[in-house]
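Each of the next two complexes has chain A plus one more chain, namely chain B in the first and chain C in the second.
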Partner chain A sequence: MTTQPITTAPKRKVRNFALLSNRAGAAFLTPAGILVAVFVIFPFFWVIFVSFTNRTLLGRTALNPEFVGLANYLALFDPNIFFQRGQFGFSLILTTQFVIASALIGQALLGLLLAWLIQTVPAWVKRLTETFVIAAWILPEVVIGFAWFAFLDRDAGTLNMMLNAIGLPSGDFLLESPFWVIVVFNTWRGAAFSMMLFNSAFSSIPPSYFQAADVAGASSWQKFRDIAVPLIRGHIVTNLILITMWTFNTFTPFLLTNGGPSYRTELVSIYNYRVAFQDFQFGKGAAVGVIMMLINLAFALVYLSLGRKKKVR
Partner chain B sequence: MASVEFKNVIKSFGDFKAVSDVSFSIGDGEFVCLLGPSGCGKTTSLRMMAGLETPTSGQIYIGGEEVTHLHPKDRNIAMVFQDYALYPHMNLADNIAYPLKVRSEPLARRHARAKEVADVLKIGHLMDRLPSQISGGQQQRTSLARALVYPAKVYLFDEPLSNLDAKLRLEARGFLNHLQRDMGMTAVYVTHDQAEAMALATRIAVMDQGRIVQFASPIEIYRRPATTFVANFVGNPPMNLVPVTGTKGDGKLQLKADGLTIAALLMTDAIGTALAASSSLTLGVRPEHLGIATPGAANTITAPLFANENMGPESLVTIDRGDTARVTARIFTDDHLDLGDTVTLAFSAEHVHLFDHHGNRIPGTND
Partner chain C sequence: MSNRLRSLALGLVGATAVALPAFAVDLNVTCRCVIGGVNSATAQWIEESVIPAFEAAHPDVNVVLNQFGGEDAQLTQQLALDFSTGAGPDVTAFDGFLIPSFVEGGLLKSLDEVAGAEVNDWSGWAALSEGSRALMLYEGKYYGIPLGTDVRMVHTRKDILAEAGIAADWQPTSWEELLDAARAIKAIKPDSFPLQINAGVAMGEATTMQGYWLALLGTGEAVTDENGKFIVASQGILDTLNLYKTVYVDEKLGDQRAQLLADGRNRSFANFRDGVTALLLEGDYFYRSVTPEGSEFAVANRDQVQGWVKMPAKEPGAGIRGQDFVTISGGTGFVLNPATDTPKEAWAFLSFMNEPAQLEAFQAIQPRITARTDVAIPNSPFLTETSQTLLPLTTARPNDPSYNAVSSEIQRMTEAVVSGELSPEEAMAQYKSAVTAIVGADNTVSLL
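And then the complex of A and B:
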């Protein structure tokens, strides 16, 4: 790696070429700017504000919410009930387990393995696999959610029909092992992204590296361990952080299990939804939202600092 | 060390035949160069030896054992790649020792062996560096060291010197030559540089359009090129080829072309056969066998001067015969020549090569 020469920022911005005048540019930016302001920037600050009030949908506090300080936060972190089912702590631990099982182990590991396996197959098999994987990935979340619901249904589900056909008993998966259902679902849902990312990372390695290893006598596992993985380390870090954030915030499992049964699949995003839009405790819901934002911010900062380190090297 | 044999090997990529029906055998301890222009199938042949490509048909043997469909890792060969293929995340010690690592040698043993080889190649002091921190010549030696670190049956080289500058290339070439003769290794070396092939090889396989045109020792290829293609590819500058019309007269062969004066040549059966097929032949004379004519010279070729390039010890004098056929001579005297001067070059009959109208050498001439 070469060290980039340190360049001092120019004092005055020099515009060599501009497609539009400043005024015209501003005019084009305004509609988008207004939309972003109304739907992103304003809610961001509004949520922080609401999280310090006892605002609700109905009743006295709907019209005249009172400032309650940190009461919402203290309620969320009340040590007496923190780990109870249906409470914030329970959701947070569940979400952590969910992220580890379905994102880090499921999506990333499966994606890495699949990406490695399709490196050596004939080109048409590789293209076909990529097409199917992308097709699975671009389907809308809602469609996938209901497809899986139909797949796993106890009475008319496709999976039970297939099990019955080979002489195995039916199972009520959504009720008996809901956590593993959403783990498998999210792995299936997201492995495509990791696979495509690792696939393109592997493709960027000069083929002669692997050929030299072949000639030297290396097995596929040795090539994977000694050459492929170390050379795509940067991609792996990026991927882990992205899918951690996405899985942490995902809401789609709600379509399968409604967060249940008895809160057993209530991830923080679903908990947030229940508190704010089913119990209509806007203040408390906003507090959950703020905590989630802070956790995401921490991930983002880690991501950015790693990205910056790579550039400095 | 082991022998290598190709039996009727064909390799097609779709409709394109990269290698068509090639058979040859390379003896134990030989240094064979596959020489030819790009796209002639030389690299594909080498990659089939390594197992990086599978032949469409035919068999390949290494050390008498058939390896046609064997995976590269099971062939016990070593290969040096054109781009060196050094692993950017490993230091030189780990790069060189990698073949030993995959053979489960203990760390201390493999680093000691890597150091040993690196010392021979004079890169022993760089073992902690990454490939990006050393020069191109050192990278080339590192990739060579990685190939030499374990005992292989055959050593394969895929244009290993083509990324070096001219001076380093000469140095590395001399070193490789010494190393191969010293170790007595069987080596197959792909190059498009005829000088490299001449300097290194014990035998050269000249390839064109997926076929081996001539497989012989460098001196044989230089002295008796089998076709006009070989004649035109080997030598620097290559052999001058002049289209001539041949006729039989007085039991001798008369050759005619613009600006050419040549004494009648002795007729042979081979020439007779060639003449019977077509009277258009090709006359070949190497630039080093041409000189500025002295009065009374028997065999001469005359045309206006096209270029006079001074190379230090010699000058390259090129004359233009108009019909795109330029003739170049390597002149070791300091004659003053100006553009547009008419120059007469002379050659002796013993240095004449004759090719028939297919471009094949007519045997018997100059043997």
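And then the complex of A and C:
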């Protein structure tokens, strides 16, 4: 198992400019190989193994877990309860809605819009906008989680104070519309990445294209639709796949809502955490983890195949 | 030399000369207690009385108290994960109902297994009262020393009841009478939430014990039947859930938000303090530890305005064992980490804090119902009255390794109802499928 990452390295016999002999190279790679094996490969197979048992942390099945075959998976996909609130199917659907609303529509669209708008503004406005957007991106998760929690609080939250100041009634956002809270939160949080990516993509377009369009009297929308978007299509696809994966796996909304009230914001990552580390059902939690791994694998394969196609071209 | 430099130098000396006798043994003690915060009296007792006295008697032991400020369930989570990896404090406060699931999971060992046979020679065992002995006992072995037991009741705001025209010697004899009082208060104070019955996931075991159990026992049922099987469908469960629905959804007699928010239990305390809530189902803990003068939720002029009544059954005589009134008891104590490096010292500390001398020091800070019969309860009319009235009526939770997991499902069931998401029937169906998944169909029973 330990030598696997080493043997795959010199697969294609192009031309070996190595400074070291194969043997010395292997010796240098071994420590890293062992670390990868111990901390990545072994846990990977261990999780798959545990998902076929009824192992728990507390109670009788902690010390004597039994092999239960596919029972954990069948329980997750039990059609009688699949769509019930607080069950796997519910949180899977919720996560899909969350990804569509906050990543694909929210982050990507807002990022694209911001990136396009700051192409033509004065340099200082551009820099200022970038600074603020990126600040939202680089702040530690726990800090912004708490900041948003405080911002949205019903009784003493900043948002309600501002609403009251202009004569609007207070809202109980975290309890009444928790899903939209985490959608807005995740959009705010992640738009910076899309903006930066699209910004650099736009910069790579030769300015002469736009100048020519200006001479022809094209509007901003026409330039965007007919020049910018077709030229950065590859970037858009890459961006969509990356943010879909990140949003699918995100756990930060837990800091705002704890997955509640009544599971209304229980994304699959939060569901997985609850099953494994609050209910301590390691077997079932591992099964959820394996399914999440498979979904991520599918995303990753799409991403990799796209990258490969680009290289061939 | 500044203090920081000095401590740095001392640390270096300590690190290089580990054999230094002054640093021979470090003991870590954890409890959900913070001076000036939650369970302040416990923290104060350990920090100011137990530790100095213990260190004076054992000069080679250095004891540190970790004051844990989070929720009960969070401490349980931390201890379970710590113990499973051989980490964690040497001595920790522990709720008795968790012992079966921890023991079966291999996360707790009996005291004599951890610290040796000398544990069984401790003079304190004989002094424990019959009822409290069971609190830390599982399959005939002690896993910790119980500190005390408790009872549950309805705490009342006498000033608000009087305002609503309710007699001073009012004692409801049915749920309907309890609800009528709440309705009367709601009528004169439309913005208030007169009745608090704990519900929801955030309050953890407080939902199950103070809320669900207190109501369920009034229907003549318990969580398990006489054979120890979990009841997953019954009229009692439906009646209980309908009570929640009446209070939180249909008539808004209770503060729905407090059941759903993460800090809901504190909100319920604040409601009582501020007179928003006049009827609060809680343990004697609420009187002992939450509302005394000087604490965060102190009720002003407490002796005049705070009272209590017994929790009535649904109808007179409809309660468990045919009782008119119901209550339930639990108990906490301290346990030893099975993986402690210093079992002898840990046991010495645990038994030391449970000697009469230390327990009397605790009673001086905060009187409570003690586990030891040779420690007198100081003059506290509230405790004397409640324990004499309610201990004969009390019930205990099942000593079952699955209880903790089932309790979580109870909390989810109540949350689904009080949030208005599910009807009582739907919530019970969900509970049934969840509990069946936990304990297996053979260990459940349906009474419908």
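What we mean here is this: the second predicted complex is superposed on the first by the 275 of 313 C-alpha atoms of A that agree within 3 Å, B and C clash if a C-alpha of one lies under 4 Å from a C-alpha of the other, contacts with A are read in each partner's own complex, and residues count from 1 in each chain.
What we mean here is this: a residue touches a chain if its C-beta (ideal position, glycine included) is under 8 Å from a C-beta of that chain, and two chains touch if they have at least 3 such contacts.
On a predicted model such as this, the values are computed, not experimentally measured, just so you know.
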After the chain A overlay, clash or fit between chain B and chain C? fit
Pick one for A:A62: touches chain B only (first), chain C only (second), both, or neither. second
So, does A:I81 touch the first partner chain B, the second partner chain C, both, or neither? second
Quick one: classify A:R308 as touching chain B (first), chain C (second), both or neither. neither
Please tell me which partner, chain B or chain C, touches more residues of chain A. C
Which superposed partner A:F280 touches (first chain B, second chain C, both, neither): second
In the combined three-chain arrangement, what's the angle at chain A toward chain B and chain C (CA centres, steps of 10°)? 150
Once chain A of both complexes is superposed, is A:G217 in touch with chain B (first), chain C (second), both, or neither? first
Determine, under the contact definition given at the top, whether A:R127 touches first (chain B), second (chain C), both, or neither. neither
Is A:R225 in contact with chain B, with chain C, with both, or with neither (first, second, both, neither)? neither
Superposed, chain B and chain C have a smallest C-alpha gap in Å of 53
Does any part of chain A touch chain B in one structure and chain C in the other, and if so which residues? none
Going by the contact rule at the top, pick out the chain A residues touching chain C in the complex. 56-60, 62-63, 75, 80-81, 84-86, 154, 172, 174-175, 258, 260-262, 277-280
Residue numbers on chain C that touch chain A, as the complex places them: 73, 77, 80-81, 84, 101-102, 104-107, 200-202, 257, 260-262, 401-402, 404-405, 408, 412, 415-416, 419, 421-422, 430, 433, 437
So in the complex, which bits of chain B are touching chain A? 50-52, 71-73, 75-79, 81-83, 85, 87-89, 98-99, 101-103, 132, 143, 146, 150, 156
Spell out the part of chain A that touches chain B in their complex, as residue ranges. 1, 206, 208-209, 211-219, 222, 226-227, 230-231
